[in-house]
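So that you can tell them apart, the chains are marked A, B, C and D in the order they are listed, and the count of residues begins at 1 in each.
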Amino acid sequence: MKKLINDPFDFVEEMLEGFCAAHDDLIKRVGRRAIARIDAPIPGKVGVVVGGGSGHLPLYTAYVGKGGADAAPAGNIFASPPAKPILEATRAANGGAGVVYFYGNYAGDVLNFDRAAAMAEAEGIRVATVLGTDDVASAPPSEAHNRRGIAGAFLVVKVIGAKAETMADFDAVVATARKANANTRTMGVALTACTVPANGKPTFTIADDEMEVGLGVHGEPGVRRTKVVPVDTIVDELVETILGDLDYTGSDVAVLVNGLGATPYEELYVIYRRVKQILDARRITIRRKYVGEYATSLEMAGASVSLMRLDAELHDLLAMPIHTPMIRQF
Amino acid sequence: MKKLINDPFDFVEEMLEGFCAAHDDLIKRVGRRAIARIDAPIPGKVGVVVGGGSGHLPLYTAYVGKGGADAAPAGNIFASPPAKPILEATRAANGGAGVVYFYGNYAGDVLNFDRAAAMAEAEGIRVATVLGTDDVASAPPSEAHNRRGIAGAFLVVKVIGAKAETMADFDAVVATARKANANTRTMGVALTACTVPANGKPTFTIADDEMEVGLGVHGEPGVRRTKVVPVDTIVDELVETILGDLDYTGSDVAVLVNGLGATPYEELYVIYRRVKQILDARRITIRRKYVGEYATSLEMAGASVSLMRLDAELHDLLAMPIHTPMIRQF
Amino acid sequence: MKNIDGNTVSAVLSNVANAIEANKDYLCTLDSEVGDGDHGVSMTIGMRTARRALATLENPSPEIAFRTVAEAFADEVGAASGALYEGAFAAAARAVAGKATLNTTADWAAIYEAIAREMQAIGKAELNDKTLLDAWLPAAQALRTAADEGAPLDEGLRRATAAAWAGVENTRHLIPKRGRASRLGERARGYQDAGATSAWLIIKTIEQSLAPAAE
Amino acid sequence: MKNIDGNTVSAVLSNVANAIEANKDYLCTLDSEVGDGDHGVSMTIGMRTARRALATLENPSPEIAFRTVAEAFADEVGAASGALYEGAFAAAARAVAGKATLNTTADWAAIYEAIAREMQAIGKAELNDKTLLDAWLPAAQALRTAADEGAPLDEGLRRATAAAWAGVENTRHLIPKRGRASRLGERARGYQDAGATSAWLIIKTIEQSLAPAAE
């Protein structure tokens, strides 16, 4: 895989340098591997810290900003950040009302964030953790709490950020964060692999006429490899799996059609069209819709569909404005 | 190339259906292949019509909205729209103060837009045309007016849309549009090809260790094929070529680092970092900066750098808000 | 010799659609070399739509048959080729207005001339600019000469096809002056023009479709 | 027999860095099968940073040498392996605190035990969970047994390497219970664990680096 990079071991460093320079009106660096919104910490506001491995922009560093997260540590490509930058982000986010962590449920992230949480609490910062577990393909319903977190993270962070922005108290933010995650499901499909720059070889190989259903966002194997079929057939499988996992009957929902990197936006809109057809037929009402690249996997081709089941609170929080380096909603 | 599509001949139709459904709060359909901002036409405002072949989102249909264009026809993949949808877009954009066309300088587009312009004028709609000619790689300075239009279109449309939004009169909008284009230069590099869905084969082949410098956004050959080198070296060539083409000495500029589709955002930020280093060293002041996907070529990997030389008017127009399906600036 | 009426013209144009569609990939590959790889797609979209519309017509006049193709290009195609063929088929329609049959060499010479002339008016290209005119202009000229010499229609059409092919082959040696390839200059030499090739395909298919009637 | 002082420990750890870096691609490939393909990268980043930092130390104590590696992982790595090795090397540092030399089998048994114990405390994995503990636990056990039996250091380290490799080979038959591969269940059987493999590489490199001193 060809890449527009210099030394692959300098990649994250150079990326962060460019990111911070490009968005110096919105964010600031608060550590070698941590950034925060320009006005953080906000006294009295619950801080929101999100983060994980790099290689998924806009997730997570570009979720930092007004109406989004307060701060984010950035790990190496596909590697959880160490505890230290997480702690730096925690301090930067802490306006005295405690800090909520939200990140994807991966072993490495849990190890490092838990360490950071212990260190933060030792400094007197109250911390609560909510894990993203939206990937229905990664574990059966009976083990839903063990699932991986993937693109649905965007919807959950949007909700948490908005809730914190209302100056809700710590317990309320945590409760809403848990509710948001509990009501979110995602399933995706990949057509091509991606390459960790310092590795240099694709994480997996896939034939020219095959796709991997339920693939993890780092190239972890999915549930099934199969021939590429028309996208309507693929979307039917993704959405039916989600609808079979959580009861959406008669619900309002938010839809997120997310591109993994190489898939053209045009294809994402074709997917949205099919999602809407399915939900319309089932009288599930789309109240919020997001189509684009919200959580990528470097240059992987593929897409995922997320549905968040909405109550009035989740709806109104999604509808609030957000202004981050890559996510803007009026 | 694998794609998430159904019948390739239905691709544009299905894409537009999804696009219009996803953004029904911002845009409306005004013809089978034409869309307009939801509040168009705006009485007394100069209308702005942009457009071209599909496969480049957000260019051009997702440039339609407040602070952007009023309407856009959408062609087949990489094919100019016919005169008819251009005329439909023109009517939808016409608030009685005339309509300005802006599109990339390609033979097919010129033929079809000119036809539509003649038809619109026969209906009493005043039309002026400004061609995007920012691609420095596509012709020598002596033939600058024959150059192709590529990603710099975003900056130019941003300026034109903002100018029209100020309710400036027809001549003023046209003059500003010409000035914006005349001050904009772009050069790009491609690492992989793209595939027109109904063609099914990549438009060109390129070795696993090669790149094409100065490639057109539809896969037209560039100026030079060469081994992939570190991105700093590539950026140096792109920026030096641009700086050698127009005198930016002591100027304020807007920078656009644009991804062609498959290139991760992380790499775009590495590019921005280098652009900033070069411009800082030359005391060229970056006043506005855009890093992301603003004009893609389906799933092509690669990127371009655009510089717009700013006067106070261009700066202030770029700084104005814009709210379209894929471009949002507060 | 049979009458070449509107139904025959409609059938001929449907054959053209089939020929274009069968050669879609070939035309795309040619356009990929120096262009954007879509010429076969654009021509297929136009002619497919035309074929569907032609199939719904009952006893069309030759004029209506040509106009139907023009409208298909106008509605569905765009691109350089779409604008040119929309105009070209509309000009062909005007050239045959009022005629019930197109049995003579002169009838078809007038059609080819109308097509070539309109394409030139729209696209501003000259002979040897490496465009589809490098097929249409020699074809029209060959057919006019045949008509002037009193050659029968089948022979005239054969000569037109031969002239078109010579024009296509000649494009390999040319530098493009129009269209998106024109910016490549010397680098575009050596490649056969996609638009000239589809033009020759149209011309050849008309010849072959009319051969039984024109004998 | 030479003294194994802090400088020797530092040299040993630099050798480990070289061994890891030389096997980066191998470790990534193993991690690609069921994980995310970055294990060789994470270990390389940690050990490279450690090697650079070690090179700046003047006559470090063994404790400082181990702590320097722990800090490199703490600053630069992250991931599952980073958290585990940060803790593990810090535990090794604590285990040798105050010692000027590490000449005995018991010294190294204490180090390996500290490493394995800390990794277990952090990662909550058990033997046969298909993690790096499947190399570290048997290695620590083998070294402790060797120490209890009064075996010389070089023999103890050789036994530890052998036990680690047996553990690595055994991971092929296991279903992962921890880490990102754990969601794959049966599908992860048959693949050798990346983390166990890098653990064995570390253990083997320590053995080989100390062989001349431990003879």
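Details
We take it that contacts are C-beta pairs under 8 Å (C-beta built on N, C-alpha and C of every residue); 3 or more make two chains touch, one makes a residue touch a chain.
Predicted model, so just to flag it, every value in this text is computed and none were measured.
Shared contacts of chain B and chain C, meaning chains that touch the two of them, come down to nothing at all. Placing every chain at the mean of its C-alpha atoms, the farthest one from chain B is found to be D.
Note: centroid distance chain A to chain C, computed from Cα atoms, is 53 Å. Distance between chain A and chain B, defined via averaged C-alpha coordinates, is recorded as 29 Å. Spacing of chain C relative to chain D, judged by their CA centroids, is 74 angstrom.
Residues of chain D in contact with at least two other chains: none. Multi-chain contact residues of chain A (touching two or more other chains) are absent. Shown are all chain pairs that touch, namely A-B, A-D, B-C. Contact residues on chain A toward chain D in their complex (touch as defined above): 9, 53, 75-84, 106-108, 111-112, 115, 138-139, 146-148, 196, 198-204, 216, 218-221. The touching residues of chain D, counted against chain A in their complex, run 24-25, 28-29, 32, 34-38, 40-42, 44-45, 48, 73-84, 86, 122-123, 178-184, 187.
Listed in rising order, the residues of chain B touching chain A in the complex are 2-7, 11-12, 14-19, 21-22, 54-55, 57-58, 62, 189, 191-192, 208-209, 211, 228, 230-232, 234, 261-274, 276, 289, 291-293, 296, 298-299, 301-303, 323, 326, 328-330.
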